[in-house]
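A, B, C, D, E, F, G and H are the chain letters, set down in written order, and residue numbers restart from 1 in every chain.
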Amino acid sequence: MGQPTVSIIMGSDSDLPVMNQAADILGQLGVEYEIDVVSAHRTPEKMFEFASKAHERGIEAIIAGAGGAAHLPGMVAAISPLPVIGVPVKSSNSIDGWDSVLSILQMPGGVPVATVALNGAKNAGILAAQIIAVGDKKVRENIIQYKNVLREQVHEKAKKVQKK
Amino acid sequence: MGQPTVSIIMGSDSDLPVMNQAADILGQLGVEYEIDVVSAHRTPEKMFEFASKAHERGIEAIIAGAGGAAHLPGMVAAISPLPVIGVPVKSSNSIDGWDSVLSILQMPGGVPVATVALNGAKNAGILAAQIIAVGDKKVRENIIQYKNVLREQVHEKAKKVQKK
Amino acid sequence: MGQPTVSIIMGSDSDLPVMNQAADILGQLGVEYEIDVVSAHRTPEKMFEFASKAHERGIEAIIAGAGGAAHLPGMVAAISPLPVIGVPVKSSNSIDGWDSVLSILQMPGGVPVATVALNGAKNAGILAAQIIAVGDKKVRENIIQYKNVLREQVHEKAKKVQKK
Amino acid sequence: MGQPTVSIIMGSDSDLPVMNQAADILGQLGVEYEIDVVSAHRTPEKMFEFASKAHERGIEAIIAGAGGAAHLPGMVAAISPLPVIGVPVKSSNSIDGWDSVLSILQMPGGVPVATVALNGAKNAGILAAQIIAVGDKKVRENIIQYKNVLREQVHEKAKKVQKK
Amino acid sequence: MGQPTVSIIMGSDSDLPVMNQAADILGQLGVEYEIDVVSAHRTPEKMFEFASKAHERGIEAIIAGAGGAAHLPGMVAAISPLPVIGVPVKSSNSIDGWDSVLSILQMPGGVPVATVALNGAKNAGILAAQIIAVGDKKVRENIIQYKNVLREQVHEKAKKVQKK
Amino acid sequence: MGQPTVSIIMGSDSDLPVMNQAADILGQLGVEYEIDVVSAHRTPEKMFEFASKAHERGIEAIIAGAGGAAHLPGMVAAISPLPVIGVPVKSSNSIDGWDSVLSILQMPGGVPVATVALNGAKNAGILAAQIIAVGDKKVRENIIQYKNVLREQVHEKAKKVQKK
Amino acid sequence: MGQPTVSIIMGSDSDLPVMNQAADILGQLGVEYEIDVVSAHRTPEKMFEFASKAHERGIEAIIAGAGGAAHLPGMVAAISPLPVIGVPVKSSNSIDGWDSVLSILQMPGGVPVATVALNGAKNAGILAAQIIAVGDKKVRENIIQYKNVLREQVHEKAKKVQKK
Amino acid sequence: MGQPTVSIIMGSDSDLPVMNQAADILGQLGVEYEIDVVSAHRTPEKMFEFASKAHERGIEAIIAGAGGAAHLPGMVAAISPLPVIGVPVKSSNSIDGWDSVLSILQMPGGVPVATVALNGAKNAGILAAQIIAVGDKKVRENIIQYKNVLREQVHEKAKKVQKK
C-alpha cells in the first residue's frame, strides 16, 4: 500500500458503518486512504494536531463525518488548507438529521466544507477521488469507468422492470 | 471595575448588537464581565488559547454567540471545564436561524452547551448571573429584585390595556 | 447522603428513562441530587410550591425535563431565581421532538432556560455539575477529570478503527 | 355593558394589535368580554389567580394569546376547567412562528388548548362566540348571520374578478 | 342513551383507533355522542348534508379527525355554525404529521377550527365536554373532578420516582 | 372569444395578482379560459355547484389557487372528474407557505391534485395548456414553440454574462 | 394490448413497489401504459432520448417517480412538451421525504411538473387518466364511475363504525 | 489571461450577483475561470454539451449555482467526471431556501455534488481553488496566505470590540 492521499476521519466510532462506505469506494477507484477517529469535542488537541499537519504529510483531501451538532468537518476546514468533505451522519438522538446537515453545510464565508447528503459517505469517497484526479489522470479514468458501470447497472435493471 | 467573572465572546463583530444585550443585563445585575471576538473558524488558535485558560483567570461562566454553522460555543465547551452558554445569532445568510440553533443545541453526550433562544443574549446574561449567584448571594438578591421589577412592569402595562 | 444541591424534576414518570441519565452523571461527578415528578399541567400547585421554595432549601440548580408542549422548565424558571436547565424529551406523539425543543428553548427575554439537546439529560447533569462547581472547586476537579476520561476513551476507540 | 362571558388575555402588551381582533369580532357578534395582560413568565401569581377564579366570575371561555415559547394558554388550561382558546402570536425573535404554534398546540393528554392559526385572533373570537352560543341561541343566530355576510362579500368580489 | 350533543366524525375508518379516544373520554365525562365516517374527499355530499344539518339535530359541538391534506374539519366549519374541533391524525404517508396539522390549523379569518395536538383525540373529547359544560353545569363538575384525578395520579407516580 | 376550456378559480380576490399569471400564459398559448373567485370556506355552495358542473360546460381542466389551510383545490378535485391543478399561494399569515403547499399536495389516495410550486400560477397555466393539448395539437405546437423561446432567451442572457 | 398513451418511469428499480400503484390504477381505468427505469443521474443519455421522443411515439402523459434530490421529473419536463406528473418517493436516506417533495415541486417558471403527494403514485395514475380523458371520453366515464365506487366504499365503512 | 481551470455556471442570470462572489475570490486566489449561464430546465442541450465536454477543455472543477428545484449541479455531476460544487441560491419564490439546499445536497449514491451554504458562492470559489491546488502548489500557498489574512482581520476587529 502506498502513501495515502485521502484521510477519512469521524467524530465517533459509531459513525464507522457509514464512513466505511467512503473507504470502500476509494479502494475501488484506486485511491490510497487512511482512517481514524478524531473528535472535535472529546479530543480537541488531536483534532488541532491532525488538521494543522495533514497537508504536510501528503494528504490532499480530507473526509470528515459527524452527527448532531457536527463540528468536526468545519473545525478541520478552519485549520487545514486542504479541501474538506463533510458527511452529515444521522445519529441516534438527531432531530431527523437536520442538526448534522445544517451544522456542516452552513459554514461562514471564508471556510468552506464540501457537504454531501445525509449518510452520503459513498459520495464523499467519489468526490475525494474526483479531487485527487486533478493531479492523477489515472484516477479520472477510473471515475469515467465507474460512471459507465453505473449506467450499465441501470440498463440491466430497466430490462427486468420492462418485462413485468 | 473588579475582576470579571463572566466572559462574553462572539464569532464575528457583526454579532455585537445582539451580544451587547448580555453585557447590559450583566451590568444591571452587578456582575463583572469581559467582551471579545473569538472566531472558531478564523482564529482557531485564539479560541483554543481562550478556552483552555479562562478558568485559570477567574472566569466562572462563558457566554458564546455565533450564527450559521455556529461552532464557537461547542468548541469552547469541548475545551473548558466551565459552564458555557450558547447564543444562536440569526445572521444574514442563515436558513431562518435553524442552522445556528441546531449547531449549538444538539451537542453530543459529554459536552453540554446551555442554549438560549435565537438572539437571546439578554437571557444568556441573566443565566450567567444565576450561575455566578451560586457563589455570590448578593447577585442572587439582584436576580430576585429583577424578577420583581419584571412583574411590576407587566402590572403597569396591564392597567393600560384594561382601560381600553 | 448529604444535602442535595441539584433538583431533577420531570413532567411525567414516562420521562424517567431519559432523566435518570442526569442522575447517573451527577452521581459520578460527586454532586448530591433529589428527583421527583412535577407536572406543570397536571399538578400546577405542586409546581408552584416547588419552584418558589427550591432556593430556600439549599438547591442551587434545577434540571427539568418535559415533552410535547413542554412548559415545566419555563414555568419553574418564571418562579425560581435559580438557574434552570431544560431537557426536551421526545415523547410518543411529539412532532419529531420539535415541539419540546421549541417550547423550552424559545423563552422570552427576562426568563432564561438553559436548554440542552433532545433527550440530552446526561448533558443537563454535567451542566448542573459545572454550575455547582462555581461554589465547589472539588466538583470542578471532577469535571476536568471527566473530560480526561472522555478523551482517553476516544483514543482507545481510534486505535481499533485505525487497525482495520 | 353586561357581565363579560369571555376573557381575552395576552402574555405581553405587544400582542395587543393582534389580540384586539378577537375583541372586535366578539363585539360584532354580541358577546361581552374583558381584556387583560397576564404573563405566565413574568406574573405567574396573577396567572394562577386568574385561571383558578375565572369560572367563578361568570367567564365561560378564555382566549389566551402568546408568542415564542408560549406557555400562557397551556398553563391557564392546566388550572381552569373552562375551554381555553390559544392564539399563537408571531413575535419578533420567533423562529417563523413555529415556536408559538407548537408550544400551544402540542398539549399533553388531559389538558386541551383549542389552538387557532398563527395570529388568528379573529378566529379565536368567533370560536369563543360559538362556545358561548351553546348557552345563548341569540349568539348562534348572529354567527349564522355572520356567515351569510362572509358569503355575500365573496360574491361581490367574485363579480369584480369575473369582469376583468 | 339520550340525545347526543357531540358528533365525532373522521375522514377514514383507519382513523378510528385514534378517534375512539375522544369517544371514551366523552363517555367518562358524561356527554352523549354519536360517531360516523364522513369523508370530505370521497363523500362530499354526505359531508355537506352532515355539516348543514348538525345544529338542527341538537348537536352542540363537532369533533372531526383527518390525516394528510385534512380538509374535513375546515369544510365542516365552513358550513356549520357550531364549534368544530379538529384532530390532526398522523396517517401512513404523512410527512411526519405536518400536513394534517397545518391543513387543520391554518384556517383563514372567519372560519375557525379549534385544533388539538397531533393524534390528540382525547383532548378533543375533553374540549368538547368543556364546550357542552357552558350549557350543562353537571358536565363542568365532571371536568373539575377529572382534573383532580389527573393530579392525584401524578402524585402517586411521583412517590414511586422519589423512592428510587 | 370562444368557449373556455380552462377554468381559473381562487379562494380570495387577494390571490388575483398571483393567479393572473396563469391567465396570461394561457392567453399566450392560445387557450380560452374563464376566471372567478370561489371560496371553499366562505361560499361552499358555490364551490359545490361549480365543481359538479364544470365538466358539463365544456371545461377540460381546472386551476385552483388558495393560501393557508388551502382546501379549494382538493375539494374541487373531490367533486369534479376533471384534472385539477392546485396553486399554493403564500398569503399574509402563512407559515412561510408550508401550510398551503402541504394542504394542497398531500391529498389522500383516490383524489389527486396536480400541485405546482408556491405562487407557481404561471406553471399552472402551462400545465393546463399541456393537458388541453392532449385534444388539440395546435396547442401542443404552441408549447413546443414556447420552449424554443425560453431557450433562446437564456442564450441571449448567457451572452451578456459571458462578456463580463 | 394497444398503444400505450401513458409512460411510467422511475429513477431506480427500488421505486417499483410505489410506482406499480400508478400502473394498477391506470389498468383499472382502462388506460394503456408502458413502464421503465430511466435515471437522470445514472443514464442521462437515455433520459434525454426518452424525453425528446415520447410525444412522437403517441405518449400523451408521463409519470416520473424519484427520491432524494429527485431530478427525473423536472428534467423530463424540461425536454418534453407533454404534461409530466412527478411522484416524490420516500427513499432510505431521505430527510423525511422533504428532499424529493421540494426537488419535484419547486420548479422554476416555464417548466411545470404536476406534483402529487409523497409516495402518491396511485394519484399520479388517476391524474394521468384524467389527462387522457381530455381526448377519450370513455376514460372520463371510468373516472366518474371510480369516484362512485370510492363513495360507496366509504358508506359501507361508515355503517360499521356507526354500529360500534 | 490563461486557460481557465474552473467553470462557473448558473441556472439564470438573476443568480449573477451571488455567483460573482465565486469569481471574485477565484481571482484573488490566482485561479483562472470562465463564467456562463446554463439552464438545466431551459437549455438542456447546452447543459448536456457543456457537462460532457468540460473535462476535455482543461476544466478541472465546476461551480454550478441554482435556486428552487435546483437541478443544474446534479445534472452536470451526472454527466461530467469532474468535481462539481453546488451553490444553493435563495431565489424569489423559494420556500426559505430549503428547496434549493435539498435539491442540490441530497444526491443519490454514485453522483456527488459538493454542496456549500445557501448563497455561499464565495466558499464555492475557495473550495474550487483548494481543488485546483491539488495540482498547483502555488494556489495552495495563496490559500494559506488567505487564511492568515482572515485571522488578522478578526484580530483587528476584536481589538475594537475589547475597547468598548
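Annotations
Definition applied: contacts are C-beta pairs under 8 Å (C-beta built on N, C-alpha and C of every residue); 3 or more make two chains touch, one makes a residue touch a chain.
All of these numbers come straight from a predicted model, not from anything done at the bench.
The pair C-E is the one among C-E, F-G or G-H whose contacts match those of B-H for more than half of the residue pairs. Centres computed as Cα averages put chain A at a distance of 43 Å from chain F. A straight line joining the Cα centres of chain E and chain H is 52 Å long. The centroid of the Cα atoms in chain A and the matching centroid in chain B are 34 Å apart. Listed for chain B are residues 12, 42, 68-69, 93, 95-96, 98, 101, 105-108, 110-111, 113, 117-118, 120, 147, 150, each touching two or more other chains. Those chain pairs judged to touch are A-B, A-C, A-G, A-H, B-C, B-D, B-H, C-D, C-E, D-E, D-F, E-F, E-G, F-G, F-H, G-H. Within the complex formed with chain D, the residues of chain F that make contact are 10, 12-13, 16, 34-39, 42-43, 46, 68-69, 93, 95-96.
Residues 55, 60-61, 81-83, 85, 101, 105-118, 120, 122-124, 126-127, 130-135, 140, 143-144, 146-147, 150 of chain B are the ones touching chain C in the complex. Contacts from chain F toward chain E in the complex involve residues 11-12, 40-42, 44, 48, 67-69, 71, 74-75, 77-79, 91, 93-95, 98-99, 102-108, 110-111, 113. Within the complex formed with chain C, the residues of chain E that make contact are 90, 96-98, 101, 117-120, 147, 150-151, 153-155, 157-158, 160-162, 164.
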